[in-house]
Amino acid sequence: MTRLLAAPEAELVFAALLLTLLAGLVLALLAARSVLTCILLMSVFSLTMALWLMVMDAPDVAFTEASVGAGVSTMILLGAALSSTDVIPSVRPGRFWFPAVACLAAFIGMALALSDLPVFGDPGSPPSSYVGRLYLEHTPHDIGAPNVVTAVLASYRGFDTLGETSVILAAGVGVLLLLGGSLNSRDPVSEDVSLRISAGSPVLSVAARLLIPIICLYAFYVLAHGEFGAGGGFQAGVILAAALILHALVFGVRETMRALPVGVVRSCAALGVLGYASIGFIAILHGGRFLDYDALLSPVFEAGLPSSHLAGGHHHWGQRLGILGIETGVMLAVASTMTAIFYAFAGRVSRSDEAGAA
Amino acid sequence: MLEAIAWIGSAFIIAAVGLSIAGAVGVLRFPDVYTRIHAASITDTGAASLMTLGMLLMAGLSPAAIKLCIVWLFIMLTSPAAAHALAGAAFGSGHRPILGDPRRPSEDET
Amino acid sequence: MIYVPGLFIALTALWLALSGHGEAFMLGLAAASVCLSLILTMRLRLMGREASPYHRLAPMARYAVWLMGEIVKSNLAVLHTIIEPSARLRPRLVALDADGRSELATALFANSITLTPGTVTLEAARDGLLVHSLHEGADEHEEFAPMAAKSLLAADGRG
Amino acid sequence: MTLALALTPYVYGLGFFMMAAGLLIALTSRHLIKRLIGLGVFQTSAGVFYILLSKVSGGTAAIRLEADSPAARSLASRLDAAYIATHGVDGVVYSNPLPHVLILTAIVVGAATLAVGLSIIVRIRETYGTVDFEELAALEAKALRDGREDEA
């Protein structure tokens, strides 16, 4: 292969350049005087961040950042910002200087720790030497999934991820408690105008009709291939939610709610976490520990299965099915929570519009 | 031979970078939203296509090549819809385009 | 529901092209995913000609080849304008007729216009398009006539 | 390694700057939504710090390649053999996957908590009619004054 620059040094320089761009975006955000500008800058920031994460060998994180930061977060921010004032008045100097000095002090404090930090890209640095390296070495034997990030996320640290998924569900419940909205889908949304882009244009409706099935399939593809390459339940869930949000933007939230009623979406969010946890309990019933996927299948049954071609000859069907199972739960929980949150904000917007018109 | 194809691929990518820069310059030089969308669409179409072509040449016959083609198709499907949504939103919210010769703005107003 | 098989084949082909894993377990997952996507598509009331225009793939491909040539030409034209805006920049609005086209053909026409740099569709409706163009043209309707005819042929199968 | 040594203070410095700037936005903006955006920047920059620690020079994404596969050999050809022998796993140098796992889940959780913050802002707007921090502070001060007068 052709190389223009010596590879290891070039990628560090490229990463540093992209990081400079990110810092510039933060500066622009500091100076921005309009909420819409801030939201767009945040979206650009997330997309650039995804690019930077790609350079930093973190494709899984890049994937998540691109779909969450530039996609779903931006939509939720726009939904919340639509009916508030756009202009940000400048702050009084008296209220600016004290926090500014505090932040500067924080910056200097962090900079003082610089001498104790490992060199950028140092392969022998403490974070990369011990547990991270152990995961890399043992994953083929213990788990069998080529993607170590998925192996750590779903299997080694499966209990931790169960907690994270529950936090997402809890946040969704929090939004619903704050913004209300009953289960009765006749009540919340009457006619949504604000959160629809160019209603009636055949260009957008044709594009949406063409793309939404493909995006849905892609979400399932990302879920199924999480153990081979970048991807997994979190990314798949956000992508599926993005497809549903696109549907709501083009055809109206009411149409989406008709297809996937509020009650169904909320139940699915809880079902996802329940499914995750119940896989842990199945392992207990089979004599293993909570979320110990090796105990999911009895050895006799597993011996009868065709050899999984992952990881040199070892049988890892228990791990494979366990990871796929909990990732499906994560996908269901994330997709439903994000959709429920979007429903809540979209319902709010149309109701406050009515109040304004009345 | 393979080496030469990879070099041609890099040349395409460098050309794509040049087109992107030209598009960015156009966005800065053109007078209003609508003309700027035209400049930006150079990056959407020309630069993206050249970039994909360059990467295709560098990837050779591999699964990555199929994925690149799919990505290119996806860009070609979504970017006009996005540009249309943007232009339509600007037009719908009452931004009047500058028409005729921008050097003599009063003459050609319709 | 004649569009279901078309979409089924297209989604399956997409999965196989992306995946490259041929073992039985992955193929089972593929089948489940395609079916779930189809169910979601139907549930969202998207199934129809626009969601599954794959029976028109061959004419669309021929049209795409022609369109790529147009895109190259207009890229060069806009590049020229960027270098020398004051001499070449003459923005104007053009109203085009799109009567009697299907929604798919209208969208294809409007998207082709937007895809060629130098023209962008501002408004699209069933009966016509409003186009913003960067340059002056000799005759407004002659200029877009080939694209209108070819996109109609590609999407609806008639000239 | 000298170039990496020179880049180290720069990249960490930028990460710390982004954290401090995010904090500043979160503390000083008058618009509540911008405050939340600042908090988002702060959170993402904390992630930047983790990912900076995870990068291994010359490494690749932590997706295990078969030893001696064409991809593994092509990666190995860029580095010298001694480096791979010390720091690689089965002939390939990988970046550290552990911070990736932590940040991946943090991003999704961050979006969910952002939604909670935004719904609180929506409620504030509906109750007080403003999302301006100064106006809200003035309203609070007025309510306190009124309360004291009522007591007196």
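We call the chains A, B, C and D, going by the order they appear; numbering starts again at 1 in every chain.
Methods note: a contact is a pair of C-beta atoms (placed from the backbone, for glycine too) under 8 Å apart; a residue touches a chain by one contact, two chains touch by 3 or more.
Here the structure is a predicted model, which is why all the values come from computation and not from measurement.
Among the inter-chain contacts, the highest number of C-beta pairs connects A-D.
Distance from the chain A centre to the chain D centre is 13 Å, each centre being the mean of its Cα atoms. The centroid of the Cα atoms in chain A and the matching centroid in chain B are 28 Å apart.
Rounded to whole angstrom, the centroid-to-centroid distance between chain B and chain D, based on C-alpha atoms, equals 31 Å.
Centre-to-centre separation of chain C and chain D, using mean CA positions: 38 Å.
Counting partner chains per residue, chain D shows two or more touched chains at no residue at all. Residue positions 14, 18, 110-111, 114, 121, 123-124 of chain C are each in touch with at least two other chains.
Multi-chain contact residues of chain B (touching two or more other chains): 77, 80-81, 84, 88, 92. According to the touch criterion at the top of this document, the contacting chain pairs are A-B, A-C, A-D, B-C. Taken together, the chain B residues at the contact with chain C in this complex read 19, 22-23, 25-26, 29-32, 34-35, 37-39, 41-42, 44-46, 49, 63, 66-67, 70, 76-77, 79-81, 83-84, 87-88, 91-92, 97-103, 110.
Per the touch definition, chain B reaches chain A in the complex via residues 3, 6-7, 10, 58, 77-78, 80-81, 84-85, 88-89, 92.
The residues of chain A lying in touch with chain C in their complex are 200-203, 205-210, 212-214, 216-218, 220-221, 223-225, 228, 247, 255-256, 259-260, 306, 308-309, 320, 324.
Contact residues of chain A toward chain D in the complex are 1, 3, 7-9, 11-13, 15-16, 19-20, 22-23, 26-27, 29-30, 32, 35, 38-39, 42, 45-46, 49, 52-53, 56-61, 64-65, 68-69, 72-73, 76-77, 79-81, 83-85, 88-92, 95-96, 99-100, 102-104, 106-107, 110-111, 114, 117-125, 127-128, 131-133, 135-137, 139-140, 146-149, 152-153, 157, 160-161, 164, 167-168, 171-172, 174-175, 178-179, 228-230, 234, 237-238, 334, 337-338, 341, 344-345, 348, 352.
Within the complex formed with chain A, the chain D residues making contact are 1, 3-5, 7-25, 27-31, 33-34, 37-38, 40-41, 44-45, 47-48, 51-65, 74, 78-79, 83, 86-87, 89, 93-101, 103-105, 107-116, 118-123, 125-126, 130-132, 134.
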